[in-house]
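Chain naming follows the written order as A, B and C, and within any one chain the residues start at number 1.
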Amino acid sequence: MTENIQNAAQNIYKPAIMKIVARHDEAPGVRTMRLEFQDPAEHDQFKATYRTGMFGLYGIYGEGESTFCVASPETRKDYIECTFRQSGRVTSTLARSDIGDLVTFRGPYGNRFPIEEFYGKNLLFIAGGIALPPTRSVIWSCLDQREKFGKVTIVYGARTVADLVYKHELEEWLQRDDVDLVLAVDPGGESPDWKHRVGFVPTVLEEAAPSPDNCIAVLCGPPIMIKFTLISLKKLGFDETNVYTTLENRMKCGLGKCGRCNVGSIYVCKEGPVFTAAEVSRMPAADL
Amino acid sequence: MSIEQQYRTKAKELLSSGEVKMVIGYGPGSTPDRRRPLFITTPDETDRLVLDSACIANLSGYLVTEGLLSDEKRVAIFLRPEGIRTINILAAEAQLNSDQVVIIGFDSAKNEVTALKGSSTEDFSVLIESMRANTPETAKEELFEKIEKMNPQERFTFWQEEFSKCIKCYACRQACPMCYCRRCIVDSNQPQWINTSAHTLGNFEWNIVRAFHLSGRCVECGNCGRACPVNIPLRLINRKMAKEVMDLFDHFAGTNKTQEPVLASFKKDDSETFIL
Amino acid sequence: MTKILFTDKLDNCIERWKSAGRTVIGPVQKNNISTYDTVKSASELDLNLVLPDRSIKELFFPQSEPMLRYTIKKEAINTSEFLPPSGQRIIFGARACDASGLAIDDPLFGWDYKDEYWFQRRNESVIVTIACTKADDFCMCTSLKLAPDSPKGSDIMLRPLENKKGWQVEELTERGREAFKTIADLLQESNEAAAPTITVPEKFDSTACAEWLKKPENFESKFWKEISLRCIGCGSCTYLCPTCHCFDIQDEGDTYNGIRRKNWDSCSFALFTMHTSGHNPRSTQSARWRQRIMHKFNYFPGKFSANSCSGCGRCTRQCPVDMGITETLQEISKLSQ
């Protein structure tokens, strides 16, 4: 059960004001923003409560709010980074924003990845396309304390080379000798000088065949990719209680009150967005 | 044989012969004076159908929901005269193929139900013409007359009070067979044309826009007013707009299935100088 | 001997409460609809209704609640908060199903994050419930293990006298006691008998329903499509329900100025769960009807130990196609045999 996070008599619907201090176009239609708090009290509140896995509602007054994860890790709380795809009203306006503009942030909400339970274990990160951001938050939380973990393997694939996000960080991870990064693009998505794998993520994963022994898997991606990757993980011997994933749903309040984000009896904003694959398999698939 | 019995038999025949895949009609409700929509798919279920003067709702809206007619099979439906006009309008607006609809027509007055002969909309064109000719007679409702006698300021005050009750549930829209837009204007958010809040502006915007969108299309079936949980006399606004459309454009909605929508079509000899 | 409030003293009571700074609210008929509204005298109240058409939740959770006003400049965004209107209120003549609806929603609005818009109004309101002596075909409080005189959510319970000249007064909470101190001398000790509260027959077995709903295999049952064929997704049931609480957050204004508001929403609306990507987990009306029933009788009780329903029957009373919760739960009761 979560602690009572709210300060006394606080308006729970009031967002913090953030300034965009950096922005980067990751892929066509995909933007990363780095935001800094303007109010020290709001920043302290964030530093006291944020853990990797939690999400926020990012918005613009006049347009609305949109839900994305916090893509920066719990080991770096001086700023918030988020990555989003331009798709609707709020994200289109965010995409038109520039460095120095002010946006709103409400959060952090939700549950977290139990990183302490991963200490001493091997880590397998699997992500597809724009689902790298939530995974990346966990990856950095672990790499920032590298000595606490065993082998770190990352399997990341996108439709095409252009669709890969965090390209600079991918380069960094390729250079590191304490990280095994397997990069892939879908068949037909490779460029002439592509040096890495070609294939769908589940296939590439099975080829890489990481061992399930003492290993935690963190898996994020579109529902179809998750479905097939879980099959592959099972084939490789992974148990569903050791596979973590995140769920998304349409949200408005993020506080468990507006009644919108539940999958069966589980409210993604309160009891998620982090779930084990075992928990997800108990949810009614027809409600996903 | 009572008309109810006649029509039950008819429904049974239509289903057993395979001519239709479903009969949409009325069934008993949770209290003696209520009726509810019924969707019958097997011949033996037709005994559940009832037909009496309490069967008032216009059921034609179900024909355009959730792909009911997309398998190209036929559906039979119990319809009052307004419902038959609705089929014509939906066909004229390309929302359904009227060949897929078998009409089981009826009317009621003073607790007596009369059967209407015919099964496709063309069979009822004489009936609809007489409805058009009778419009001034049928429009003698007390409240409507009262409002007609008000000056613009009084009318505005009257509707302001009525709309202040509105809670933006959009039941009127859901109940109306003519409100079939996949994404209603109030559900658009780029931009948010109409506020969803139930304050004075939001309520006026919604109700007036809906009245305009129905001008020349409403058949005054009354589904909207019956659905409204706060008893706003919505049908009167639509009745007024229908009267205006008749006076200005001599247009009576739903006379046949090729009738052009009056506000959505343009002819070179229209009195306005521009398409708007 | 019990304390009695006679009806001829009601006007004085209202005066007293008003002088003490309380707004008095009660069931009224206005514009062809009955609702809870501010009254200045007893004659404005209609205490003969089975229950008002509109529910008491509107006094605590309005259809549109302004929350934040924003003004956007290049270097800063100025916001000011709308606080819920403050002021003591006494709601005279609530029904038990309405009062219990409020108590049912308290844990939701306080789930880890406290919604001050709800709680400020709750803390400043005294609910004086009048036990029902009549019911109609749609009432179903007893099926939810509540009653026409259930004390849940009420501060004072008034029981109508048999001679119809007043009510027996039962103080239930400290808040109620405080409010009635103001009119203490207007009450009389008497032996007058109370009229029997109406018996509302149970319409379905809510325990059996809960068991059926919990079973994972029933989530995909054909039952859901069959029972909801006629539902038109109009939202009336949600908006009149004393416990329904779903909402939307909307910004209204122009690019530089506006107000962020909380507005009612309904899980029966087609676009309620629509993702921007175009994926809609509940794209059919039957999926949305299932959500409504599951939420009210399975998920909510799982978290907050009470069904999200007080049995007022407004959903069925008002439904334009004669749906509502009663029939669905009756059918589920049968299925669970």
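Definition applied: a residue touches a chain if its C-beta (ideal position, glycine included) is under 8 Å from a C-beta of that chain, and two chains touch if they have at least 3 such contacts.
Model, not experiment: these values are computed from the prediction.
Peer 1: What are the two chains with the most C-beta pairs touching?
Peer 2: Top-ranked chain pair by contact count is A-C.
Peer 1: If I average the CA coordinates per chain, which chain comes out farthest from chain A?
Peer 2: B
Peer 1: Hey, how far is the Cα centre of chain A from the one of chain C, in Å?
Peer 2: Distance between chain centres: 39 Å.
Peer 1: Quick check: how many Å separate the C-alpha centres of chain A and chain B?
Peer 2: About 49 Å, centre to centre.
Peer 1: Mind checking the centre-to-centre distance between chain B and chain C? Centres are C-alpha means, answer in whole Å.
Peer 2: 32
Peer 1: Would you please write down the residue numbers of chain A that are in contact with two or more other chains?
Peer 2: Where chain A meets two or more other chains at a single residue, that happens at 64, 88.
Peer 1: Residues touching two or more other chains, restricted to chain C: which are they?
Peer 2: 248, 250
Peer 1: Residues of chain C touching chain B in their complex?
Peer 2: The contact residues of chain C facing chain B are 31-33, 53-54, 63-64, 137-138, 229-230, 232-236, 238-240, 248, 250, 252, 261, 263-264, 266, 269, 271, 284-285, 316, 318, 320-324, 326-327.
Peer 1: Quick check on the complex: what are the chain A residues that touch chain B?
Peer 2: Answer in residue numbers: 64, 88-89, 92.
Peer 1: Okay, in this complex, where on chain B does chain C touch?
Peer 2: Residue positions touching the partner: 29-31, 34-39, 57, 61-62, 65-66, 161-162, 164-165, 167-171, 174-175, 183, 187, 192, 195-199, 202, 223, 226-227, 229-231, 233.
Peer 1: Please give the residue numbers of chain B that touch chain A in the complex, ascending.
Peer 2: So the residues of chain B in touch with chain A come to 189-190.
Peer 1: Quick one: which bits of chain A touch chain C in the complex? Just the residue numbers, please.
Peer 2: 2, 4-6, 9-14, 17, 61-65, 87-88, 91, 102, 104, 248-250, 252-253, 255-260, 262-265, 270, 282, 284, 286-288
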